[in-house]
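Input: one structure, supplied below.
For reference, chains read A, B, C, D, E and F in written order, and residue numbers begin at 1 within each chain.
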Amino acid sequence: MLSSELERFINEDIGEWDDSSTIVPDVDAVASVITEEDCVIAGLSEACQILRHFGLEAEPLYNEGENVLTGVVVLFIRGNARLILQAERLVLNFLSKMSGISTLTRECMMRVSRTSGNVRVACTRKTTPGFRVFEKKAVFLGGGDTHRFNLSDAVLIKDNHIKILGLADCLRRAKLQTSFTKKIEVEVENLDQMLEAAEIGVDIIMFDNMKPFDIKHGVELLAERGIREKLILEASGGISLENIEDYASTGVDVISMGFLTKNAHWTNLKLDIKKKSKV
Amino acid sequence: MLSSELERFINEDIGEWDDSSTIVPDVDAVASVITEEDCVIAGLSEACQILRHFGLEAEPLYNEGENVLTGVVVLFIRGNARLILQAERLVLNFLSKMSGISTLTRECMMRVSRTSGNVRVACTRKTTPGFRVFEKKAVFLGGGDTHRFNLSDAVLIKDNHIKILGLADCLRRAKLQTSFTKKIEVEVENLDQMLEAAEIGVDIIMFDNMKPFDIKHGVELLAERGIREKLILEASGGISLENIEDYASTGVDVISMGFLTKNAHWTNLKLDIKKKSKV
Amino acid sequence: MLSSELERFINEDIGEWDDSSTIVPDVDAVASVITEEDCVIAGLSEACQILRHFGLEAEPLYNEGENVLTGVVVLFIRGNARLILQAERLVLNFLSKMSGISTLTRECMMRVSRTSGNVRVACTRKTTPGFRVFEKKAVFLGGGDTHRFNLSDAVLIKDNHIKILGLADCLRRAKLQTSFTKKIEVEVENLDQMLEAAEIGVDIIMFDNMKPFDIKHGVELLAERGIREKLILEASGGISLENIEDYASTGVDVISMGFLTKNAHWTNLKLDIKKKSKV
Amino acid sequence: MLSSELERFINEDIGEWDDSSTIVPDVDAVASVITEEDCVIAGLSEACQILRHFGLEAEPLYNEGENVLTGVVVLFIRGNARLILQAERLVLNFLSKMSGISTLTRECMMRVSRTSGNVRVACTRKTTPGFRVFEKKAVFLGGGDTHRFNLSDAVLIKDNHIKILGLADCLRRAKLQTSFTKKIEVEVENLDQMLEAAEIGVDIIMFDNMKPFDIKHGVELLAERGIREKLILEASGGISLENIEDYASTGVDVISMGFLTKNAHWTNLKLDIKKKSKV
Amino acid sequence: MLSSELERFINEDIGEWDDSSTIVPDVDAVASVITEEDCVIAGLSEACQILRHFGLEAEPLYNEGENVLTGVVVLFIRGNARLILQAERLVLNFLSKMSGISTLTRECMMRVSRTSGNVRVACTRKTTPGFRVFEKKAVFLGGGDTHRFNLSDAVLIKDNHIKILGLADCLRRAKLQTSFTKKIEVEVENLDQMLEAAEIGVDIIMFDNMKPFDIKHGVELLAERGIREKLILEASGGISLENIEDYASTGVDVISMGFLTKNAHWTNLKLDIKKKSKV
Amino acid sequence: MLSSELERFINEDIGEWDDSSTIVPDVDAVASVITEEDCVIAGLSEACQILRHFGLEAEPLYNEGENVLTGVVVLFIRGNARLILQAERLVLNFLSKMSGISTLTRECMMRVSRTSGNVRVACTRKTTPGFRVFEKKAVFLGGGDTHRFNLSDAVLIKDNHIKILGLADCLRRAKLQTSFTKKIEVEVENLDQMLEAAEIGVDIIMFDNMKPFDIKHGVELLAERGIREKLILEASGGISLENIEDYASTGVDVISMGFLTKNAHWTNLKLDIKKKSKV
């Protein structure tokens, strides 16, 4: 996290004149962040960066991405009580939001692994504006794949591109104009498009909003033609905890889900403070 | 939205060199944003600001905060096809995320209104870092109350403050040091604390994580002592769609819920583009 | 002070290439900031933050808000001579400007206390663009009330709002649309408006540009009607050191004065440097 | 004014959620900014930039730097009432603060012109952090000289430099290391230093905190030695409206005064709004 | 170019108070930017954005990337003379710097095309800090490949990575941890490393600082083993105009050169202004 | 370097998610930056600031501006291997770019010193947008003069100003409106203009694009008229390593060259890393 970004986040939560803090005297305190439900913990490094920016000592007790049970201390804090109270909400927001996403990602991974050990679960660009890098990182910590961070990361030719230019023209132009360092992916809506893309040659084919049955059929078709291995295959569109196993069993390499970032609930966590005892 | 903020959001989604866009030629197009489920639409003014920043024409077809059915065009766009494709994801992210929150807020309001016409439903500071103002605005558009934007907005004495200083000392200091323009609120965990706070004098009392039965009893106690009318009473902690009516019937003035921003799913919306026909 | 803000201030005073500093060799030095007139000292924490940003040691010898006599060392500095010379002007500008405001605020407080012990002296939003938080803090350190930091801090219905909407309509809308966490204040120009506002119900009434005699009459009227205690009363408009006692004796709770920030002179302070003796 | 700076100023005054504005409906209005005392008007171009940023029409009725009488409309505004109310305070703060400085500068210029037609009146670096360029511009509009904007603008060897290095060494190093495009100025405290500086050769000599009588003597000494014409001579330190004529008559070329920015009061101005009549 | 970036560039060249411009009155003028040597013109869109930011009309007469002869007008400007003079240097710096790179890239492309029609010429991350996107764009306009914009663009395992982890371990970790959307490239220093990388499987192999003879041998080896077609091959290290053809004839797909951005001279261009004639 | 600027540079080179670094484990390492050609080393303080920002230890082994031979370690680094790899490119870009300019400047200085010991070699405003301060600093470290940093640094009346206003009018306005702290320079294209400028009185005359023979004649003319000593004379336009001695022998005080920043190649440097041995 850039320090300018960090300051922006802190500023958002504190505002111009925090009266609540001015009432708290300079007392030393210790505080613990405690889980209130089982989760895959994420956001600890961000939490520590925030706390240290306030001049507080912060000691994470778990590695990010670890499974943590309810009622466990994940982060221990030491320092000025007023500053702990100022940092509290932002620290909890980072941990809760990110752990929620990591936990849901892990859950999806486990469902998938029952069916197929090698399928990756990826997120999408459906993320909260301004918070993408943290949501993607939470997916990564949960065991998922970050997919593209932005439009510059790889070329993804989507339905709306094809409506404007046609598939063949999109691919011709992409190959001509794009750096050799980038992969080219095409979103297809049916098996004709899939075959057209595979014949012209692409790195990745995404089955967009297609039924598992059709996707499976597509994968077989590519295998028959001997081009399955040259391609990475991705299923996307409307995939959730309910149907993820159906997609995992189609033979694709990757399942991508807006669901991971759009439907993840926040993990419940609390911060307990107490005045430092004098011994 | 400040233009620096707008640029940050756009930059996050486009990155340094958008190959996908360089393949699209300069063609005029029109596009529609269409709901894929019933919702309270929000984020239209942000969507328009984004689109206009790209030099596109944007025409909202609903007022923000209106109930909208599935399959309806909420926003009409005209301009360069490449630019529409560049703006698409950010526009949809704003609309989906904000409408999801507005819709959930409206739902909560309706549940409450069955029980009590005058109870406000408010959100909290449990918001995605960097996106608070938009989440609060979505709550407002859904009919909810924005509550505090940050620590400077009003003085809220919470459990952790009380652990450090004690309730009486917190209030004494708050009254001395806080501007007369701000309200003072206290979070109480039981009726003893409630009475103590009411006697010292505060503007707002929040029942934190207390059962509806106990809250109701607290409200009655205050009424008996003739001080109910001087206070704004707020219930908070663990309130969701399931139990909101129980809290609404306790006699409090406000129900505040992290649930509104933490559990809202994204509203499904899509953008359809087509090349402008030449006539 | 955010570090981005600090850098902006430093950058303003140093520019792109400080030739004056390049001529100074790497010598250790000590320096003292000394008062040249009696004052209430303010800005020490900002001065220290600036100096430490330059890698200098800074030791304040007074608490902010203390009365300090002429000729006294308020801040002691140790470190590289060149860096002390680079930080000098910005440090003095903060201290002089803020102490001037604190000193004038304290003077107003003392005048008021002769008449009435409980009247608060508050500043307004008449502050130098970009420097408000420091001017408000100086008022606070002088013993004053910071009043609203910005338009979002509380609802203040002013003469120009009333000209557009009428008083009753303003209040009706404010109560409907404003968060329960905020106070509502109305600026009145005569006793009819005062009574209208009091009857509809507001948190604060400001007597704007009214004579002490009329304000006093207004306060009595409210007392007669038994609603004085429900309201905070504020006098504002054209109040200065000359007439502040007249306003203090009207019975209002608060006197607000653009005068505090608009008319405060800068406190004279100087920085004396000397090469560190080698012992 | 950079647009990032403009946004920062606006943000400071509006905050995250302006309830006062949300109560005002979309009505067309006109408004006038009116002087409440005689002044040299300044800040009109900044005021217009702010208003236009809000989408309002702004028409200045005077040139910046003109003398304006009491009760005169200096700026006419047209547009949405709510936006006018949001911009009001920032516009008035710019105009009042800057016009106050321009007016005091003009007053000083007039005093000086009684004694000597060619003496320039300059300000210093004693300006409000973050607002220097506007304070300097106000001095310029009042007829004064802006002097150095920052440490990089010219080399000014001050008492504290001399304490560290000695005068001769300072000058030797300055001539060696400074770009030929910059002037070199020395601050002297007595006539010995003056002669030393003049002999080594500098562009500007500043008499710092010296009495008019001594300065006059110094100017004569330089004339006797035939080096008066090669130098620009500046008087500085403790100069105010009271004693400015004494300094003007010493024969120096420039009088510089922290007084211009430290002691200028704000010019009183008001904004009157009314709903646009429908004709 | 983000408007914040644009403002930073303009600010760098103008500073806080441009005296040179204050001397120029408000006169209408026209100006032409004229080539002083043959070049591939680049930077026209940036130049136009700068000029329009100043409120000037800007009309490019060529497409970016076109070959332009000496003495030709490439950009026509209309508007206030003072503003043209303020924008002049920044506009010329963009055009000269970018066109220099485009021109050198085109020259390299032509040399390569004599030998092999399909070899791409790419730049590297050896770019001026803060100006990379414009230097890469200039390479693109000259017909080159932009290669990675930053460390996140693709995984490139370099000599220093291998020194720490060993090649096999680098690749194992990269495949495990990197998103499927990214390519993996390895920098090899000899043919053993090349074979090791090819066997483990990568997308791109870069021959780093190897002689053309050895590279050619490597390409043949891969062909013999039937894995040439699965790989993109890149030559890099010490390649310049002198030896580029030797590398082009080795059979690689890409030649990457720090030379393009490190050794490009600036294209000479001038801006001619004249007062608008009154007709 | 401001920390916001530093973060921008780092961000440009790392991007949002550096996969290359995630593959490197937490190992301690040491690294050396080694010259690959003789140079005047520059950029060491920037390199150290970057490395320390990453939490690495950085120890420069030379002073900036020293002549350094090929194959020499100029900077020693200690710390986490992953972080060293992340900082590597940016550190090398700063050192290579800046040292290239310092080296070329030193070379020009040596050529000039053969002819005339007192002539300064200066750069211009022909610098990479956003990187000027570092390019100017490199010139300074090479022994050159930084000339104007921006339009506000001194008044420079150029050909295009004269085309609009005429020389006499430019000078009259400049003297009236410019602060006495700034020098006034005029660019002349022939000896008539030179004499006109000298008669009106300026601080610096620049011979722009004039032949050495003509410049020499101009210097003699000024000497004959006894005004040579009152002026600083500068030659500019088309000066390079080839012809610099011809200009140095004309008798001017300063030679300014866009060549220093436009034609400097990057100094070759490399970074060698190795895992820290365990002893």
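Following the convention adopted for this analysis, contacts are C-beta pairs under 8 Å (C-beta built on N, C-alpha and C of every residue); 3 or more make two chains touch, one makes a residue touch a chain.
From a predicted model like this one, the values you see are computed outputs, not experimental measurements.
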Chain A onto chain D, rotation angle from CA fit, given as a multiple of 5 degrees: 180
Chain pair with the higher count of C-beta pairs in contact (A-E, C-F): A-E
Of all other chains, the one whose Cα centre sits farthest from chain A: D
Intercentroid distance (Cα basis), chain B paired with chain A, Å: 23
Between chain C and chain B, distance of the C-alpha-averaged centres to the nearest whole Å: 33
Separation of chain A from chain C, taking each centre as the mean of its C-alpha atoms, in whole Å: 45
Touching two or more other chains - residues of chain E: 3-4, 15-17, 132-133, 146, 149-150, 152-153, 179, 182
Chain C residues touching chain F - in the complex, by the definition given at the top: 3-4, 7, 11, 15-17
In the complex with chain C, residue positions of chain F that touch it: 2-4, 132-133, 136-137, 146, 149-150
Parts of chain F lying in touch with chain D, wherever the complex brings them together: 120, 122, 145-149, 152-154, 179-183, 185, 204, 232, 234, 253-254
Chain B - residues contacting chain A, complex: 5, 8-9, 12-25, 27, 29, 81, 84-86, 88-90, 92-94, 96-97, 125-132, 134, 149-153, 155-158, 160-161, 163-165, 170, 173-174, 177-179, 182, 258, 262-263, 265-266, 271-275
